[in-house]
Amino acid sequence: MNATEITILEEIELDNPIFIEALPGLGHVGKLAADHMIDEFEATKFAEIYSPTFPPQVLVKDEGVIGNMINELYYLKDVGEDNLDLILLVGNTQSLSPEGQYLVCNDILEFVKQYDISRIFTLGGMATGQPIENPKVFGAATHEEDVELLKEAEIEIRSNDGGIVGASGLFLGLAVRQGIHGSCLMGETPGYFIDAESAEAILNKLSFLLNFEINVDKLEERAEETREMIAKAQQMEQDLINKANAGNADDLRYIG
Amino acid sequence: MNATEITILEEIELDNPIFIEALPGLGHVGKLAADHMIDEFEATKFAEIYSPTFPPQVLVKDEGVIGNMINELYYLKDVGEDNLDLILLVGNTQSLSPEGQYLVCNDILEFVKQYDISRIFTLGGMATGQPIENPKVFGAATHEEDVELLKEAEIEIRSNDGGIVGASGLFLGLAVRQGIHGSCLMGETPGYFIDAESAEAILNKLSFLLNFEINVDKLEERAEETREMIAKAQQMEQDLINKANAGNADDLRYIG
Amino acid sequence: MNATEITILEEIELDNPIFIEALPGLGHVGKLAADHMIDEFEATKFAEIYSPTFPPQVLVKDEGVIGNMINELYYLKDVGEDNLDLILLVGNTQSLSPEGQYLVCNDILEFVKQYDISRIFTLGGMATGQPIENPKVFGAATHEEDVELLKEAEIEIRSNDGGIVGASGLFLGLAVRQGIHGSCLMGETPGYFIDAESAEAILNKLSFLLNFEINVDKLEERAEETREMIAKAQQMEQDLINKANAGNADDLRYIG
Amino acid sequence: MNATEITILEEIELDNPIFIEALPGLGHVGKLAADHMIDEFEATKFAEIYSPTFPPQVLVKDEGVIGNMINELYYLKDVGEDNLDLILLVGNTQSLSPEGQYLVCNDILEFVKQYDISRIFTLGGMATGQPIENPKVFGAATHEEDVELLKEAEIEIRSNDGGIVGASGLFLGLAVRQGIHGSCLMGETPGYFIDAESAEAILNKLSFLLNFEINVDKLEERAEETREMIAKAQQMEQDLINKANAGNADDLRYIG
């Protein structure tokens, strides 16, 4: 079993696509934005990614059908004024372990490099810890010229102020070592609920940077669905915690 | 040392057996049900499974004889009206680490696939956190048609409500990727004691689904034995915790 | 870098030696007993064992000279009435990680098997949590006939009462899978100090079982030295904890 | 992906260089001292070291440009009266996992051994937990004769008093196994702030031992810059913690 197992669903050819990472994180901001793009632009899934470094569980989806912990790659062709090709990385999880984070991000980057990706955007949230009106978008990038592009989009530039943890950071770190340019867009969010407004702020900036238009009418609806799903899941949370503890077999492993 | 070491005790031939997973978990529900089937139907052990991802310890069994942390495979032929062959996975532990869970479940599934398994059932408990009368059985499955079969057995179908953690979830997740069908049966249980009633509820549903009859008279007796074993083990628990801490050598590792 | 690196210091030939494990654990009981045997019988070190699964540190020994975290193998020839050859495993640590425990114990067992070991004894402590007079020795073994031998030595037999965690358990678990016989001797100890009395109780039983005599006059002296070393080390403990935290770089890793 | 990836930036030849380790740790003492040497003597970076065992994140540096978690090797030729060549190991992190610590230190030591290193110095802090005036420098070494050299520099010799955790300890432990001599210099520090005074104390001892002179005027300035960087980073800390938690997907991984 490799650290990363990539199943290709469709052989595709793309024209120097832009790679957009939006795995789940703070306030669900990046994931919500990318899932919305996938829906609105009717993106096509072309690869599925599994890893033994993901949480050791499955999910119960609609009507009792189970689903794996998974990352997925979608593609889009000829998006916006500039006819850009895009690859989007979404999913329901990131690796549990620090080393798993490195291995999986590295393997995914090696995989998408086959399509001659031209640039990377990683999407995430940045916690404020308190309610915000009109969430700002913060940014950082692999190279000074990319920071300049972010400034043109009126993105707030972070400076010398900490780290970017997880896939949103690692993809940029791995990219810069290979001379690939990339930027991270982080939407301000309280962090404790599914934040459609922050996802919309990110989509505004990304559509400016990549020169496309996107209808965000259904974004709040999507956020609401996600909230309901989570509320339901949280009812089950105690079950999960208990079962995880039992999986660790703290009191059962004494039994012969 | 491989992640999983499988020792074959008997070369067997089975006719498209059904694979039933029942490793220890919440309320001991699945394990109790499967151990009871093994006893009542006089199943034969044909393989032992060891892993360095199991807890690093042994157990003191009857009269001072030690036993390994282990998973075991039993088989049964011609069970019930439909003359079904079964493989049962039982044991005294699951892997400690998340990645170990994936590796061991994957290796076991690859092993039992050699016997042309036709379907998978995973058995577990679902925590209520409070006392229940007449525990329900909840279910989820890899495919819609399997969910329909669960409904026919009057199993409550979970929907969009969280995850199934550990081996009971992972076997289904690994199976669905290979086109193998499977279902999880989860008996309601407070979760804090060995629950014979919930195990009986699971056996009722499983016997309906697989069309066999099983005498459950000795199930409560078995649960009682397990309870006594655990009570005794808990007296020793502080010892174990202390010794584990000492194994981590928090205060002893300074000694040259 | 392998999980276990064994450096052979002397090529030796032994006559079906008995393998005695006494790595540090609860109350220092096993280690104290084995270190005393090494001193009294002037055992010879013939191999050193290193592992990246040991704690990531060195020790400051006498007069500022540093020493590695290490396991060591000593041998003795013609011990006692029965002219037994012995191999003793001692050291200042056990593996930190559960999987490391399995890998290192397995590699050491494979190594000592080359010398045609005839039996295994593992020595440890068993926590009472409160002061004891005349500590008992508890035992468990891989086979019923070995339990009988323990009874002849008036060792209290444990039964169905929990686990034996760490190297003292794992060596027996790994041995039984290969048909090697072994026993564990556990001296009662409060667990919170270096317990010479419990180590003496273990040596009494071991000398009966292996038919040798050993002078225990210096055992309390040795325990006292160990206590002083630990008292000094505990003054430094906060330093270690702080430094370990800094090694995890919780607040420093933000620095570019 | 190997545990350690070393990118050579410049092929160099050195004359039996002394290897100086100064990765971040307690009070930033070693790192501050080495970074100051690199600046004052205008050392040249000749290799970069990456590892999947480092924290899974990137840093936001000046003006929104991101930087990887990294270790770096610098060299200096003809330093001081004795025309010594030096290799300095600095960086912004150490491995997160215990085993990663061993693997990365081992790989780096193997790498610098190619340059025929003659000796090793590791630089770190030693926590007092309370304010100190005129911080002392404590030392330990691989061999008695090295301890004698430390005494000549009026370094306080530690004795039998605990461990040296992390890279500062491990490099010496790995070295001694290969017959390479080394010493650790530890500057007293409260441990809870960036300690220029302690770094200066270390530089005093090191310059005595290696017979060079170094201007420490800018050391306090450098410490002040570091403090500001950390203060800013700590404002972002809650963000990081929250995001790390989200990366662990505690409440988001239930989403299908």
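Which chain is which? They are A, B, C and D, in the order written, and residues in each are numbered from 1.
Everything that follows uses one rule, which is that a contact is a pair of C-beta atoms (placed from the backbone, for glycine too) under 8 Å apart; a residue touches a chain by one contact, two chains touch by 3 or more.
Predicted model, so just to flag it, every value in this text is computed and none were measured.
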Turn needed to bring chain A onto chain D - CA fit, degrees, nearest 5: 90
Most widely separated chain from chain D, with each centre as the mean of CA atoms: B
Residue-number overlap at the chain C/chain D interface, same or different (half cut): different
Chain centre separation (chain A, chain B; CA means) in Å: 34
Whole-Å gap separating chain B and chain D, where each centre is the average of the chain's CA atoms: 49
Where chain B touches two or more other chains, by residue: 55, 57, 59-62, 67, 69, 96, 160, 162-163, 229, 233, 236-237, 240, 253-254, 256
Touching residues on chain A, where the partner in the complex is chain D: 24-28, 31, 55, 57, 59-62, 67, 69, 92-94, 96, 98-99, 101-103, 106, 124-127, 129, 139-144, 147, 150, 157-167, 169-170, 172-173, 176-177, 184, 191, 226, 229-230, 233-234, 236-237, 240
Contacting residues of chain A [partner chain B, same complex]: 1, 7, 50, 52-69, 96-97, 100, 229, 232-233, 235-240, 242-244, 246-249, 251-256
